[in-house]
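First chain A sits with chain B, and in the next complex the same chain sits with chain C.
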Partner chain A sequence: MEPSAYGSGFWGVSAKILPILLRGFANTLSYYAWSLLIGLMIGAVLGLISSSRLRVVRYPIIVYIYIMRGLPFLIILFVIYHVLPYFGVTFSATYAGILALSIHSGAYYTEIIRGGIESIHTSQREAAIALGLSYFHRMLYVIVPQAMRLILPPLAGQMVLHFKDTAVLSLIAVPDVTTVGRQVMQANRQPFIVFGWVAAFYAAICYPMLKLALLLENRLKHSQVRS
Partner chain B sequence: MSIFSWRVFLNSWPEFVPAVGLSVQIWTVTFGLSTVLATLLAIIRIYRPLILYWMASFFIQIFRSTPLIIQLYFFYFGLPHLGIMMSEMQVGLLAVTLINAAFSAEIIRVGIEAIHRTQFEAAYALGLTFFDTMRYVILPQAFRKIIPPLTGQVTLLIKGTAVLSVIALREVTETARALAVWTFRPLESFLPAIIIYLAATLPLFFISKVLERRWARHGA
Partner chain C sequence: MSVVEIKNVTKSFGSLQAVVDVTLSVEKKETVIICGPSGAGKSTLLRCINGLERPRQGEVWVDNVEITGDKANLREARKEIGIVFQSFNLFPHMNVLNNLILGPTKVRRVTKADAISKARELLERMGLIEKIDAYPDELSGGQAQRVAIARALAMDPKLMLFDEATSALDPEMIKDVLDVMADLSNRGMTMIVVTHEMGFAKAAANRVVFMVDGRIVEEASPEVFFQSPQDPRSQHFVNQIIGI
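Moving on, here comes the complex of A and B:
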């Protein structure tokens, strides 16, 4: 191919690569959305269970949390994608990626939600019991609304780290924006323009979320009522 | 073929010896360099010298909101275009140091801001220079306060370095991946890596938890 096929000048090159990169970015967003949904569900369910007094289920959850927090995300991804097929469990790269993202960030979400719920003073729980509220109503109307203010700032921070972890999926060759960016760069040899745009895509999501996390944190710090 | 081969598992450990050496070297060097850089950034963010403040804030935001892989690619493929030739190790150390500094800077800033004003005033009254105030009065107290979050950041640093296998650095993860390809025994190849990472990170969790609990009781 002629070099001109890749465009010339910053805007010329950008015009050629942006449609391709955007398609990759759409994939990144979809991996993120699915794994966020599953991860938050894991976090909510396990967080509620481990903040309860059921010791039998508490310890397996703690083991899960420490293993996920202790291992690099890449290792978890490789284990799901390369080791599990050896035991007859095979996932496509996309599903392996979403699963790995979900269970990795799910552990962090569990820890954050558990911490938030446990930091609500026990008198709140006792008062709710005295009022005759069931476990479900107690959580829904008394504990969780109060815990939410403590949970949201670290949750937003963790969601940013989770989003950035999607880039690691490029190591099992899913067509996310990092993989696409690398392929485009290998064709047109313009690392600054290509990865500049890829970085801009990530920052466009992460920067507002980081600002939001900071805002929530400041609001929590300045609020009068602290549990 | 059996499900688990002890022979392959035990034979894979010697392959990890140089990898552990390299990984530990990366962790310690980047932790040291990034803590120094992060302290500078934190002081700049607090005292707000005009242009430096904007530069530091821009640097921190950029590195916090982009993935390490993209930063690695940027340096790895980009720097040769500028005529700067660096080895994989140097690129890896540079990228990990910068991203970790961006995260640590915010932790250290919070630590310094938590020091009471009277400490600064007392140091000023004693005629200490700015550098001495920081060195002998403020930073020792600030770092004591932030050991728990800073330890958490170190575990993220350790976890993050696994990504260095994209630039073919033979650290622990890359060694496990290569072994899995050679031996066709992925479980026996990845298990040592899993054990090594847990041996590095789990003690850090417990240390930070113990310290946090002790200081919650006695006050920092």
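Moving on, here comes the complex of A and C:
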């Protein structure tokens, strides 16, 4: 017989654990939102720089991208959380997690944005230059609007991967939905129900984003056929 | 008064010398044709005039501003130089009207209302006013190229450059574009035109410049150039395009 404190039956157990899991999920969403904001800013700035002719600053960006793409996310997270303190840089688990997610996803966003901008034909750049448009106006009105169509589908796909990476933060014990789920499971011994809900939360975010990515990709295909 | 002064310009790409020591000046209201076999450096020379290519040596002056010097000069000078490309290069994500008003509103800082009325006037002139809301992929090649000419003219340039503007067009559309160019020439626009269209050269050009291997080998009036070219390479070229 189940101890009544943990509820009984699927709905009984669920009613007990859902409020706790939802708090964890809210944390997951907050880590995601912050790291998405910072990651996209990194991607936009570095993507623009590395697609420009500022060759001097391109090299450090390439090194950064190689490091981020060449290491498992978990190692990046551990370096920031466990290694940096030896160099006098200490973050709380939450900040370490958000920072790791930001710089890791930022590298991928950089590559996607750089690729999108570079795939706009030089002739568009030249037409804009010939009109006398400044770099800023050229990007704002001519290049970026066209690049966006190419950038959005892979960006949406990368945002899904980024979201799923938030689960890794549970390994430095931030109170995200995965950590909370594991704690709840250790208490009530109901892994099926607990991780059923945890999985449902992740799917509730990922599935619409995957749909969106697919939609954007199809739209891009059709517009390419048209032009 | 000359609008364009090209002094001893040399431009190379790696080991390839595209333009070699070219000197040329173009007077106000003059229409100059640059022709020559492919790879002669015609387009490169043209692109040096609005700074899309930076010459390795020599000077280019447009309207008494040296564009081969200071970058700020170049930005200023580009407002006065319209260019029409072989492949139109319209902005595909903007309709015709927005293609025409982008430069004037952002670079010339003309009010939107003024830019729109100027755009409508130009489209009327091109016979394309009904396409004002169309997107570039809804236009035929000839229409797209006339919109591209209108886009360049919307900036009120003092000089117009045409880089093989009719080479990518179907034969039946070439005439529409050439008519617009000839009309522009008759209105007194200063024009430098890279083309092989002899009909246009005879109708509108004041001078023909013939280039081979990056050098100017002959400069003559269109009548003289097409009927009795002096240089053997010009003779060969003229014979080829006449189709003898």
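Keep this in mind: the second predicted complex is superposed on the first by the 221 of 227 C-alpha atoms of A that agree within 3 Å, B and C clash if a C-alpha of one lies under 4 Å from a C-alpha of the other, contacts with A are read in each partner's own complex, and residues count from 1 in each chain.
Rule of thumb we're sticking to: a contact is a pair of C-beta atoms (placed from the backbone, for glycine too) under 8 Å apart; a residue touches a chain by one contact, two chains touch by 3 or more.
Just so it is clear, the model here is predicted, and its values are computed rather than measured.
Student: Quick one: on chain A, after the overlay, do chain B and chain C clash, or do they fit? Just give me the call.
Tutor: In the superposition, chain B and chain C stay clear of each other.
Student: Regarding the shared-chain residue A:Val180, is it in contact with chain B (first), chain C (second), both, or neither?
Tutor: Neither partner.
Student: Can you report the vertex angle at chain A, computed from the C-alpha centres of the three chains with chain B and chain C as the arms, to the nearest 10 degrees?
Tutor: 100
Student: In the superposed arrangement, does A:Ala199 touch chain B (first), chain C (second), both or neither?
Tutor: A:Ala199 sits against chain B, while chain C stays out of touch.
Student: Touching A:Gly132 in the superposition: chain B (first), chain C (second), both, neither?
Tutor: In the superposed model, A:Gly132 contacts chain C only, not chain B.
Student: Considering only touches as defined above, state whether A:Ser123 meets chain B (first), chain C (second), both or neither.
Tutor: In the superposed model, A:Ser123 contacts chain C only, not chain B.
Student: For A:Leu40, is the partner it touches chain B (first), chain C (second), both, or none of the two (neither)?
Tutor: A:Leu40 contacts neither chain B nor chain C.
Student: Answer with first, second, both or neither: which of chain B and chain C does A:Tyr86 touch in the superposed model?
Tutor: first
Student: Going by the contact rule stated at the top, is it chain B or chain C that touches a larger number of residues on chain A?
Tutor: Per-residue touch count on chain A favours B.
Student: Counting only touches as set out at the top, which of chain B and chain C does A:Tyr141 meet: first, second, both, neither?
Tutor: Second partner only.
Student: Of all C-alpha distances between chain B and chain C after superposition, which is the least, in Å?
Tutor: Result, nearest C-alpha distance in the overlay: 22 Å.
Student: Report, in rising order, the residues of chain A that make contact with chain B in one complex and with chain C in the other.
Tutor: No residue of chain A touches both chain B and chain C.
Student: Using the touch definition from the top, list the residues of chain B that touch chain A in their complex.
Tutor: These residues of chain B touch chain A: 3, 61-62, 64-71, 73-74, 77-78, 81, 155-156, 158-163, 165-166, 173, 176-177, 180, 185-187, 190, 193-194, 197-198, 201-202, 205.
Student: Inside the complex, what are the residues of chain C that reach chain A?
Tutor: Result: residues 50, 52, 75, 78-79, 81-83, 85, 87, 89-93, 102-103, 106-107, 137, 151-152, 155 of chain C touch chain A.
Student: Quick check on the complex: what are the chain A residues that touch chain C?
Tutor: Per the stated touch rule, the residues are 123-124, 126-134, 137, 141-142, 145-146, 226-227.
Student: Can you list the chain A residues touching chain B in their complex?
Tutor: 66-67, 69-75, 78-79, 82-83, 86-87, 160-161, 164-168, 170-171, 178, 181-182, 185, 191-192, 195-196, 198-199, 202-203, 205-207, 210
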